[in-house]
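What follows is chain A paired twice: with chain B in the first complex and chain C in the second.
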Partner chain A sequence: MDQLKLTRRQMLRMMLAGGSVAALAACGTSPAAPTAPTDAPAAPAAATGAPAQVSQTGSTVTITYWGSFSGNLGEAEQAMVQRFNESQSDIVVDYQFQGSYEETAQKYTAGLQANTIPDLILLSDVWWFGFYVAGAISELDGLAQQAGLDFSDYEPVLLNEGNRQGKQFWIPFARSTPLFYYNKDLWAEAGLPDRAPETWAEFGEWAPQLLQREGNTLRRSAFVHPDGASYIAWLFQGVTWQHGGKYSNDDFTMTMTDPNTIRAAQFYQDTVRDLGWATLGQDINRDFLGGAAAAMMASTGSLAGLTTNATFPVGVGFLPKEANFGCCTGGAGLAIPSGIPDEKKLAAMTYIAFATNTEQAGAWARDTGYMPVRISTKQTPDMVAFFEENPNFKTAVDQLPLTRAQDAARVFVRNGDQIIGKGLERIIVNGEGPATVFADIDAELTRAAEPILEDLREVEG
Partner chain B sequence: MRERREWLLFALLIGPNLFLFGVFTYWPLLYNFYLSFVSWNFLRPRKRFVWFENYVDVFSQAQFWTIVWNTVIFALFSVGLTLLIGLALALLLNQPLRYRNGARAVLFSPVIMSGAVVAVVWSYIFDPRYGLIDQLLGLIGLNSPNWLGDPAWAMPAVIMVYVWKNLGYAVVIYLAGLQGIPRELYDAARVDGAGPWDRFWHVTLPGLSPVAFFLSVTSILATFQAFDIIKVLTNGGPVIATTTLIFHLYDLGFVSYNAGEAGVIAIVLFAIMLILTIIQLRYLEQRVAYS
Partner chain C sequence: MALSEEITLTRTIETSWRTPRLWRFAGYLAMLATVIVIGLPVYWTVSAAFKTTGEIYRIPVTWLPTEPTLANFPQAWNAAPFERYYLNSFITTLGGMTAEVILAIMSAYALAFLRFPRKQLVFLLLLAALMIPVEITIVPNYLTVARLGWINTYAGIIIPGAAIAYGTFLLRQAFLSLPYEVIEAARVDGAGHLRIMFNVVMPMAQPAIVTMALLSMVAKWNDFLWPLLVTNTTNMRTLPIGIFWLRNSEGLINWGVIMAGSLFLIIPVLIVFLMVQRYIVDGIAAGAVKG
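Coming up: the complex of A and B.
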């Protein structure tokens, strides 16, 4: 390129070439969003020592399974699939990582248009309902019966969420709840008792001792909130209940302007702006592990990853109370697309039955920190021993009976999670008044709920 | 007979490209026009025709105008800084310096890196508590702003990363342009008694005008499509401080699943880029000195 003399024609040609490069660049793959917890290698998942059973070698059914786990969660999921494939010879599960929960749902939506869908799919709490309303996932009761799956042993609070009009559409698998995490070293340094605060008022008293300031900069905050993209609206759900508020009623009427809901938002704003002991971070696990925040609320699904990667002892506790206790469930479950052959549906259900049986549900919970979805899992010797070794995990499981399903506004309204999350960002980051912002959010949620209600009337009458 | 053969050859040569353009460019363009007039969430079987409802909805949202403003700021500063700093660096690297080739390679390397990777690395550099910038500012007794968490600083941060990533490309194009300016012009200028400043102003700059023009057109088009860095670095936030039109399109289409409103944004983007390109070709190019 040591001579560059341009004529007008060459100029235009170069521009065309450059333009198409830009166009190509624009349609490059979207970067994988930094998915949940930590990406460090986890402890090796349970050894797969069991010899493969040699059974009748008929025709093998291969099913494709789309999931959202990477890092140590991904390894645990791969191990689960491998155990299944080695346990029998009729079905081969092909696990395919799709990105975050959102990206998995995006790809499924695109797949429905293009008619290339998986046979089994992991859908998060905010996504399965949309696909149910669109008729894109199968009713599972008949299949469960064929596969010999008994729903009565599942944790009712988790199972019932995937049930519409007495029919099961979504089976709990990687279910979690928020949990209060704290850095025991910093707690000791501040001379605090080794436990999570019982109320927010108590934490408010502790917080100043946990802070570290340098001039006007907060070097270490007592607490960190995630941003909208990292599901602040999920963690705030419990906080609204604690204040006596809620996002919406069951009939999809919004209650964002309820004085108690607004009070909860005011509290969130104060923690960052007036009281100044909390920050809003893009990656709360990173802040917590790096010592930039002394405490946080985060998913139980992060428990294994955080415990492995922290350079300090990690403490956990129930969420703090305000007027009352409030904690919601979350995470993801398994669904089977409609519009695939029955044979594949049954194969997918066979995998679900395996992955959520008493033993495997325990192995998955121990590998990750997600809740054991089966009641009987808690009594297995492996689990009892694990609880003894990991009291933190016992705490997470003990909190489960106190939790309940989230409000419709977040989980059933398309994008409701992000609408509320952006609203909270306006309140916390921009410092706008909670009443004004939540009035906007109430209207936006109401508008977003309209098409869902319309479809729901058609589906459920 | 001969004419027919030529036509056949013409069709053969043009055909494959025309087919690809048709399928991947023109058809989506037309289909997008259609989508901007319907209400559809990608999942429902029916698309309801709503005339201009999507347009009214998009234009009446207060945040739309903030987003347009964000886009203008992002494009203006990204392109302006890339062109100016790129020119300065190209002039410097055109001097017979030691390690010149090494410096050129280092400068160009961010161009070939993935935008997502660049953004992840910079998110650590920007961290106000343990980031590199904070450490450097600490040396002179300053505190780092909360780059990615403060609505006032997030856009400057995104622009910095974008310029850093794309600077090398501008420099290489400028360098090629500089080497294309005939030696004789400088010699003649020198004979006429022109100093370094005059030589720059009257020989280098006009000589560079075609490549500067080329860079300005392509960079502007590219900034309007810049997505990866914003997605990973700030995800359009905090709130909507770094949401540009292309990001808004993604947000509406693939996060909110509102195909119609996303279609409207695509049309707006298309119109803006078309108008900008026409203006640039019509007016700016008159001032370009082609050899």
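Coming up: the complex of A and C.
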């Protein structure tokens, strides 16, 4: 019995010792990593993997670039970084893939807390604004001047999105827009002219000829909408404008109950329920490729993939009009964190200038299918040749000057996209009245906008 | 002890010959349904790995690849440094699992067989930890790991997951269900705690320990979010992140290549499971105590 007691005490002592060692370890290391506030410019991002370079004239600066490109896009991005690194010897860019747009933004949020931030970051249309409001990304005008970058050659629609109160915070890089896609074989079968419909009314006339029914089940729909999770609110944005409505005003007052916005929602509901020529799908690319839908609106980013994998010729066109033309932009751009040394900021800006110069913007567009962000890119010989080979891509680029930035309700209100998307699902799938649903959504968006508005007043006065 | 000391995992299932046929038929039906529900996605993964992208998107779906292709495998393998991902996955899984099993066995032994003050409280804390979803601990864990300077290191991936309440709980319940007479007999023979643990408790509880180790291994092997958060560079990344890299962020997804990559992930676990599964069935302390 004696022996047993001793062992138990020994074990207890061991446990306590083990615990205090862990506690000591935690204490011992904490002073080494100062908990600097995020706005302290002196705090170097030492733990990001890339060693922090001390400024010495002539030494190379290594910058860490966090992005969301994987697959084919990731390869194109790495090729771009490699071209930059080979083009000069002062700056080395280290491209680090961080997951989806959402995961990259979350990692940056966590990194701000723990002081492990990159020197250059790719942020999507819905994420950059939150970091701007939080003061976590730098103003870029001064840096652009130092790097010899002139903003006047950028597509104004794309550039202005990243501008607040005359200051640039976010530079367009991988930008896309919605595009109307149609299956040319089915079009020919139905005896339709080989072009996208001019107006929704015209498409309404064509649609019955594109349908295929077997008894009561729809074998093939004329058109397919994505669901809330696959960003229906992005594609519906243009449709609201076409009907003369919008999600919100610039001052964050919501306009979901505007009669024209409701009219657009009623139109969406009718296409699926009353007219019955459209369906709602989780993966519209699959439905289109598989021939389950004759047409769709989808991102220009899908153009290359669809063209390669379709068993039929793919046709594209501008979005159909209603009262007006309406088409929004999307995708991601580049920003520079605010808590890094000036030397690294300038190095990051030098990379941005390279990646968005006339030639590189063209190479990126040809590799990926994103829009060229420079106006002059369209006239380069490489691009002209590419347009000749891919007239569909030219259509997408021609539509670009007609597009505009999305309403604040979707991109600047946290979760705004999903709030609107779920509302549209209620209208289309459950068949609830657009007016009642959008009244709810209006209230929900207004509530969700409050915290952002408060922060915004502090930042912008 | 107020809490139930039984564990369903180690209890042998009693098959009664008197079970009416109807019930047995229903049982088979349920098993069939389970196999289909679990097996279908696995089958789809395997067959899609041998299809072209065009065929994967084709409607109606094809169950057998009509034009089988092996092109997805080299394409997936060459798209990212999978050798490095394998190495990292082996290190983090092995390290994490070993730490978790050792800690779970020792803490479970203490909770099951030792008397010490506030033992119930410790157990209650353990139960409370069991109820907390892993996602909630991610932010504090990240901050701790970052301040320790463990971002982008193996320690950063392994240590926060080295002790899981679930493992301790599972083994404590298993240890308590062991025949106490055998342990008492060992004690009478003069065996100390370590000896009892290694030579008596562990062999008898082998199925539970192996089960727990396997669960731990699969969880760590497949873990995606935590390794993604604490690593930044390609040379520290693990297999699941490698597969994510194969996916396009916008536009069309090349599913054939992703499924081929998924097979890289699944196959080692499958092999280990096939090798180890007999230890789950064997090793039950049958006949250790005379009825």
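To be clear about the criterion, the second predicted complex is superposed on the first by the 403 of 461 C-alpha atoms of A that agree within 3 Å, B and C clash if a C-alpha of one lies under 4 Å from a C-alpha of the other, contacts with A are read in each partner's own complex, and residues count from 1 in each chain.
The rule we apply is simple: a residue touches a chain if its C-beta (ideal position, glycine included) is under 8 Å from a C-beta of that chain, and two chains touch if they have at least 3 such contacts.
All values reported here derive from a predicted model rather than from experimental measurement.
By the touch criterion defined above, A:136 lies against chain B but remains apart from chain C after alignment on the C-alpha atoms of chain A. By the document's definition of touching, both partners, chain B and chain C, reach A:292. Contact with neither chain B nor chain C is seen for A:152 once the two complexes are overlaid on the shared chain. By the touch criterion defined above, A:165 reaches neither chain B nor chain C. Using the contact criterion defined above for the overlaid structures, shared-chain residue A:59 touches neither chain B nor chain C, since it reaches no partner.
Residue contacts after overlaying the shared chain place A:229 against chain B, while chain C stays out of touching range.
After overlaying the two complexes on the shared chain, residue contacts for A:305 are found with chain C alone; chain B is out of touch.
By the touch criterion defined above, A:72 lies against chain C but remains apart from chain B after alignment on the C-alpha atoms of chain A.
Contacts of A:98 after superposition: chain C is touched, whereas chain B is not reached.
In the superposition on chain A, the residues of chain A contacted by chain B and by chain C overlap at 3-4, 7-8, 11, 15, 25-26, 30, 32-33, 110, 113, 290, 292.
Taken together, the chain A residues at the contact with chain C in this complex read 3-4, 7-8, 11-12, 15, 25-26, 29-30, 32-33, 35, 47-49, 64, 66, 68-75, 94, 96-101, 103, 107, 110-111, 113-116, 174, 176, 285-287, 289-292, 299, 301-306, 309-311, 331, 369.
Those residues of chain A lying in contact with chain B across their complex are 1-8, 11, 14-15, 18-19, 22-23, 25-26, 28, 30-34, 102, 106, 109-110, 112-113, 130-131, 133-134, 136, 214-217, 219-220, 227-229, 279-282, 290, 292, 414-415, 418, 422, 425-426, 429-430, 448, 451, 455. The residues of chain B lying in touch with chain A in their complex are 25, 39, 41-44, 114-116, 119-120, 123, 128-130, 143-144, 148-151, 172, 175-177, 179-180, 210-211, 213-214, 217-218, 221-222, 225, 227-228, 231-232, 234-235, 237-240, 246, 250, 254-257, 290-291. Those residues of chain C whose C-beta lies close enough to touch chain A in the complex are 53-54, 57-59, 79, 110, 114-116, 139, 142-144, 146-149, 151-152, 187, 192-193, 228-229, 232-234, 241, 244-254.
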